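Please read the structure below before turning to the comments.
Chain IDs A, B, C and D follow the sequence of writing; residue 1 opens each chain.
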Amino acid sequence: MRIDLNSDLGEGFGPWTMGDDAAMLSLVSSANVACGFHAGDPQIMRATIAMAAARGVAVGAHPGYHDLSGFGRRPVAGLTLREIENLVAYQIGAFAAICALEGQPMRHVKTHGALGNACAVDDDLADAIARAIRAAAPDAAFMTMPGAATDRAADRAGLRQIREIYADRTYGEDFNLSPRSQPGAVIHDPAHALTRAMEMVAEGRIRSVGGKDLRVPIDSICVHGDTPAAVTMTRMLREGLEAAGWQVAPPHAGNG
Amino acid sequence: MRIDLNSDLGEGFGPWTMGDDAAMLSLVSSANVACGFHAGDPQIMRATIAMAAARGVAVGAHPGYHDLSGFGRRPVAGLTLREIENLVAYQIGAFAAICALEGQPMRHVKTHGALGNACAVDDDLADAIARAIRAAAPDAAFMTMPGAATDRAADRAGLRQIREIYADRTYGEDFNLSPRSQPGAVIHDPAHALTRAMEMVAEGRIRSVGGKDLRVPIDSICVHGDTPAAVTMTRMLREGLEAAGWQVAPPHAGNG
Amino acid sequence: MRIDLNSDLGEGFGPWTMGDDAAMLSLVSSANVACGFHAGDPQIMRATIAMAAARGVAVGAHPGYHDLSGFGRRPVAGLTLREIENLVAYQIGAFAAICALEGQPMRHVKTHGALGNACAVDDDLADAIARAIRAAAPDAAFMTMPGAATDRAADRAGLRQIREIYADRTYGEDFNLSPRSQPGAVIHDPAHALTRAMEMVAEGRIRSVGGKDLRVPIDSICVHGDTPAAVTMTRMLREGLEAAGWQVAPPHAGNG
Amino acid sequence: MRIDLNSDLGEGFGPWTMGDDAAMLSLVSSANVACGFHAGDPQIMRATIAMAAARGVAVGAHPGYHDLSGFGRRPVAGLTLREIENLVAYQIGAFAAICALEGQPMRHVKTHGALGNACAVDDDLADAIARAIRAAAPDAAFMTMPGAATDRAADRAGLRQIREIYADRTYGEDFNLSPRSQPGAVIHDPAHALTRAMEMVAEGRIRSVGGKDLRVPIDSICVHGDTPAAVTMTRMLREGLEAAGWQVAPPHAGNG
């Protein structure tokens, strides 16, 4: 009866902030921390790691494309697999070093934005990312979506996985997220999202919009914190999970 | 009778190259590789590490200020010691991860340009850099100038050192390099530079322009490769050292 | 009985925002718009210009050092005067072109942050900036602080000036702003700031903390909008000015 | 009997150089100068403009995607037409301001790399670029490829054109350049390239590999200078043109 809540944090840059990291760090158990390519910088990385450590929140690297002005959300064409390896390893290594300054372990790696979208559906790309993790952070888990290319790549590379679901999104027949443009793809009602998430976690399955089931152990629920409404939904989700007897904790934590 | 030759390499960026890295890698035994902040990028870092490994050349991180357009040569004011720690750790960690992709160890850390100048004369700054190395690469040596603040900081931090001299520069009474603006500060005659370097290394001392001596074991000679003339001078230095019975090899190498 | 209120706006970058530009644009009559080097990007520049135009607010370029992560607030050493000319002209020209896309004139140029501090006290630097304005935007006014190096440089270059004061800051004996570190240097009481500003504008003089007077026509009052409190103070200032019979309008506007 | 030779110049960045600009500026009559987004910086822009002016070479802006590490050669997806307008106008305006510092007129605009490839085949994109030129530099010519989307966009926008051909490339049936991957697409024999170019210019037609002709007045020949071989080919082209009685001069120049 234990489940992880993860969120993308440390997404400011220089003088700019994004979201309410302090509020989110009191709600989640894992933080995916931007590594300076799409957001984040060495100072923000360190401050986020320190804040997370003070609250017992696990930290992981959140590498993205090198694209500050587009926040890593624009597809980048024409990178070779070797360039992807280098891009990801560079950011993981940088993050690990900042973790070391705070005496904290890097627990996981999750890809961001357009890079995350691309590697969910491209096995070669997912393998390149898994190779980067194997080389640069062999003890870290690869946070993946069940059924995605990253899930398979983690298995091929022998990496430990943290399998995550989205509480506020529906799934297509291939168990990818339904596109946001599709009516009903985003669930705005917190109570509904909570019920869905608890069912998926308790039953260990993801159900597509067409009613197909994927049986899978679920380790983590991804939540957003970039708006006040998102923070509120996360708070309701955490309180609902705890009221139902779930313990919110990082995946690596010992049994409480 | 063994001595290291080190040079700053991998100093291109994106489509741009600088110096003749292939020529230099056949002459030196240690390469200080730019880490992406003043020069270098993940692809160039990896290619440089791979080329060095193929020639038995040791690689180390060469962190600098975040200043591509000024090549890290402009003084940067107003950074806190904590920001310096983060700046250096980030680059070291990134470099270590790219090394890991090539299965190569990171052997040392040397600071670049204006950061290198600043930490040679500022003990607090040198300590901040030593802390970053301790945290992010405790097995790497800190490449320092004998008598400089970095020399003392390495000792305080318990870091292994690679003590380097410059063959083509004279030393002031405080054993810092004489400023380039001073007449005679740069030695342009390769034969003279060779004689000087061999004397300093053989006798284990650095002599100031005023005739003062600093007794110190010398591990490495820094050479430049950014012009054809610099490559030629390095070739003469290596050949002269070998003709005099010296073995050019990285400091960590076993006795041949 | 007309006075301009100016504020630094368009200071976001990519996905990040700063301050409440919409609120400020309903209060000020001139906007100093960041040009992409310390903040701002082509999209934000255009959106800010369009929003300003819709409210009758005049726009000017707000060039700074090339330093996104430090927001242009860190001193940059070692730039030649020619490099300063190029830095400033580049940003002014870019801003003028984005203005042209919106069919709006660029009314003025004001320097940002550490560049602004440096050119207030360095006549050569101020002259370099004036040359950039002369070349790149000869019809624009140079927004200056009375008695500063920029004031003299504008006169030497034959540039029209917008002379500004700060309502919430005190002045030293050289009529530069008292350093923020000095007790009382920043006036936090809106009523006091309003009284001060109205006196300075009405009487055409700046009074130092020691009681010395500088007689000078004052064209504009600089206000800040980066915090909710700053917006509130600006609102009180505007309402106070209007209640006292002042018309808040850009300096170039015809007599109402 | 007059023809322009144009080449991409000023493609260094910070400490890095690319190609032999001095050699090329003694051979061409128009320089397309990088504007800081894919290459170039304010100092390099100014130095290139000054060198060109000293040799009577016309200068134009050469805007590209914001991508230093990829040199503007990677396709960038997801930019809106408004973002394209802003991207191009920003660079044109910046270039015009640096020209103004040197007292030189900006004669033309040519798009670079992946942006150039994209707008050659996309009418909406080409119109966005034409709008940016109309707004930011209405007196400048748009350098286009005959038959391309840019050719049509320039006409729709009422912009003066400089129609260019490539001496060393063959043309497909749609009069776009044959892809480099296609055998024979690049002509390596200087004598052959010279003959082809002179025929196209003299006869005012472009012939496809399949033998189809496009009748068009040709204003300029694009040449490359990024390798010693490219400089040599340009020299042969210029000497061949002059030997055949052609005057190499910018398109705007009066009749000699």
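Quick note on the criterion: a residue touches a chain if its C-beta (ideal position, glycine included) is under 8 Å from a C-beta of that chain, and two chains touch if they have at least 3 such contacts.
What you see is a predicted model, and the numbers here were worked out from it, not measured in a lab.
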Quiz prompt | Contact-richer chain pair [B-C vs B-D] | solution = B-D
Exercise. Could you label the chain A-chain D interface same or different, taking same to mean over half of its residue numbers are used by both chains?
Key: same
Quiz prompt | Centre-of-Cα separation between chain D and chain C, whole angstrom | solution = 39
Self-check item: Centre-of-Cα separation between chain D and chain B, whole angstrom
Solution: 42
Self-check item: Numbers and ranges of chain C residues touching at least 2 other chains
Solution: 69-70
Quiz item: Contact residues on chain C for chain A in the complex?
Solution: 12-18, 39, 41, 68-71
Quiz prompt | chain A residues touching chain D - in the complex, by the definition given at the top | solution = 66, 69-70, 73-79
Exercise. Flag every residue of chain A that touches chain B in the complex, lowest number first.
Key: 36, 42-43, 45-46, 82-83, 85-87, 89-98, 100-101, 103, 131-132, 135-137
